[in-house]
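The two complexes that follow have chain A in common; it is paired with chain B in the first and with chain C in the second.
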Partner chain A sequence: MTKHRFLIAATLAAAVSAAAGAASAASNIAGPVGVPVTGHAVTFCTTGSLTNGTTVFDLGVLTDTTTGELKNNIAPVSKTLNGAICNTASTINVAAQPMTAQSFTIAPPSGFSRSVDYTATASGWTTTPAVYETSQTTNGGATQSRNSAFSGPITVTLSGFSTTGGSTLRLVSDPNYLGAIVVTLAAGN
Partner chain B sequence: MRHSLSIAALTLSLAFAATQAVASVSPVTTTQSVTVNGSVAEVCVLGSPNPPSIDLGQMAATSGERVGKLGTISDHSVNLPDAFCNYPGTQISVAATALVEQDESTTPSGFSKAVNFTANVSGWTSSAASVTTAAAADGSNATSHSAGAEENAPQTANLTLTLTNFTAPGDGVLVAGSYNGLVTITLGPDGGN
Partner chain C sequence: MVMKPLALAAIAAAALAAATGAQAQSPTSTANFTVTGSAPKICAISGPTLTNTNLVNIDSLDGTTLKISQLTDSTSLSTLPASAEVSFDAVCTYAHTITIQSLNNGLWRDGSTQAPQNGFADAVPWTGRLQWGSLNRTFTFGAQNRQIQSYPFAVASPNAGQLLLDISIQAGSTNAVANGPLLAGNYQDTIYVTLEPQ
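After this line comes the complex of A and B, so read on.
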């Protein structure tokens, strides 16, 4: 960077000198000489980092052990992305995958399921939060736009947990049901 | 003239550098990934038995050539609805205790204070879990155990307990009194009972 500045300064000096030299042949007045000054700000977005540093929603045991069915009170504490910034108009997108049994990978028998759906919501960036329901094949609300630069926290909330295939299905035992949520900020809208 | 050439060349190179810089920074996309995990514990549940108990009533014949001995006792069934295990590798275990009269007196020869039976639990695997008690006439050795086949998938099933094949040791005359037996059904991991 230092080297570039030196070259530009030297170039401008040479340009003025050359113009003066050219003008002196026709007039005793030189100039005016226009020197354009330009620059740019790099377009960027960053999602920041999670408040407590962990990127895992750990829900513990998912089922009611007396019925074998999904608990109806799963409500994990939200996570916050702090330091999110876009210096131009932007879009936010949230995508999620159902929680699936990682060891029990075959098709579950009749009456059982190996998957849990839920709704992932990213709020705070746009007036209407970005919402993704893993039970739906299309999620029209997953991408939201804003027309201005912005900085502020993004809250990621999981809700609406349900057994894939129906609430009367029981979940097969598995030590690890795993899902994933991805929040994307993109410059431009 | 020499100066002019230098300026033109330098101006071109600056413009090129600026174009490169803009192209490399826009648009910008950034992502943050979060995972969500949980677990599902191994669970087996047996439905409540219906009926919850079996009363065989008067077991001894009160007339005819078998008077005093065990009469004909029909089969009895108990339903255990909506049993399930959410993991593979499970089996039914059955412990059956013969009906025994609890009087502590010695059992005279030719008499019996026990009634044996066979307990079948069907519905979990293609073959029922079955056990037959083998109590002695004095009521000793009343309890027997058995386990069914392994079920290799999570399963929901309606189970049926059936009591059949009632017999008295040595076909002895039943000692008068109250007889009590028990069938205990366990659904759990194979080999765990």
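After this line comes the complex of A and C, so read on.
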């Protein structure tokens, strides 16, 4: 790109010079005039898109129907963002909210919980994946940096599901437990 | 000539945006996901266990059969007192109804379907107390008639823990006169404890 711009600049300078030469027949010689041509590539990042599937991790029934406790084998299929690009150094951040009952909104009775914690991991962008645990108040590993431009897939994985408040608590019945995950790519580090 | 590379750049950016779903060139880009699931209405109850509370004149809890040591007084031939507390581990994840049902409405002598005769009784009433969360209710299966008798109780919220059922037979209680003699035989009742989401 840099060479190409130089060539354009030379061509333009020649054109301008030729025009100036034509004008010189009727007036004093002026020029040559240099016309600098510059460009700027803006920094940008995109998380790309899912090439298949939806953005919803649908876990189905969360509880063991014989105990009312959270299943201990919840392991949803990962989702992959393809076409993620940052044209400069960047950071990746993952943030998540616990799954909470959307209909049962009051405080749960003793022995129950209305929330499920989990760990959201965004891997593939940085050597160390970005990890967010919804059970933690601080998540030092949620943001990871890389020092160069990069293009590649980002895999988002959910794991480590646990009942908020302790594994012996039961989940109150609710048709919709809902949580959210946000993966952010940002230029700079 | 100057415009051409700009145009090329714009086209490239547009193609990139189309390929990746990005809305515009920006130094920041986000991808949003949701995670969903459901917790169905569940009620579950374990088998009974015998506690040491109010344990009077009880031989054993054999599986699901509570055996009374001695139903009649050897002198009066009337009913001896007996009581027991039975515990169940239980859970309901939603508002629910708990129902105590007696198959016979008391302990009835096997094969007996007629009213007692000649001053003898052939059925023994029993009273119960149910403790389940904040619910604490008493009830009586009076043995007036041999029939199914049920007591449903509504519980407005989920509950989990020990369900306690106290079973008590009063001294001298029969389906005839108080302190009347019982006809010889095997007396029994079947109790159903049911938890059902509303």
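Quick note on the criterion: the second predicted complex is superposed on the first by the 151 of 189 C-alpha atoms of A that agree within 3 Å, B and C clash if a C-alpha of one lies under 4 Å from a C-alpha of the other, contacts with A are read in each partner's own complex, and residues count from 1 in each chain.
Heads up, the rule we're going with is that contacts are C-beta pairs under 8 Å (C-beta built on N, C-alpha and C of every residue); 3 or more make two chains touch, one makes a residue touch a chain.
What you see is a predicted model, and the numbers here were worked out from it, not measured in a lab.
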So, after the overlay on chain A, do chain B and chain C clash or fit? They clash
Mind working out whether A:V61 is in touch with chain B, chain C, both or neither, as first, second, both or neither?
both
Does chain B (first) or chain C (second) touch A:G166, or do both, or does neither?
neither
Is A:V37 in contact with chain B, with chain C, with both, or with neither (first, second, both, neither)?
second
Look at A:G83 in the shared chain and tell me whether it touches chain B only, chain C only, both, or neither; answer first, second, both or neither.
second
Should A:G140 be classified as contacting the first partner (chain B), the second (chain C), both, or neither?
neither
On chain A, which stretch or stretches are contacted by chain B in one complex as well as by chain C in the other?
4, 8, 11, 42-49, 55-63, 65-68, 76, 79, 81, 99, 101, 108-109, 111-112, 116, 118, 156, 158, 170-188
Across the complex, what residues on chain A touch chain C?
1, 4-5, 8, 11-12, 37, 39, 42-49, 55-63, 65-68, 76, 79, 81, 83-85, 99, 101, 108-109, 111-112, 116, 118, 154, 156, 158, 170-188
Under the stated contact criterion, what part of chain A meets chain B in this complex?
4, 7-8, 11, 14-15, 17-18, 21, 38, 40, 42-50, 55-63, 65-68, 76, 79, 81, 99, 101, 108-112, 116, 118, 156, 158, 170-188
Could you pull out which chain C residues touch chain A in their complex?
1-2, 4-6, 9, 16-17, 19-22, 25-42, 44, 91-94, 133, 157-161, 197
Interface with chain A, chain B side, in the complex: residues 3-4, 6-7, 10-11, 14, 17-18, 21-22, 25-43, 45, 84, 86-87, 153-156
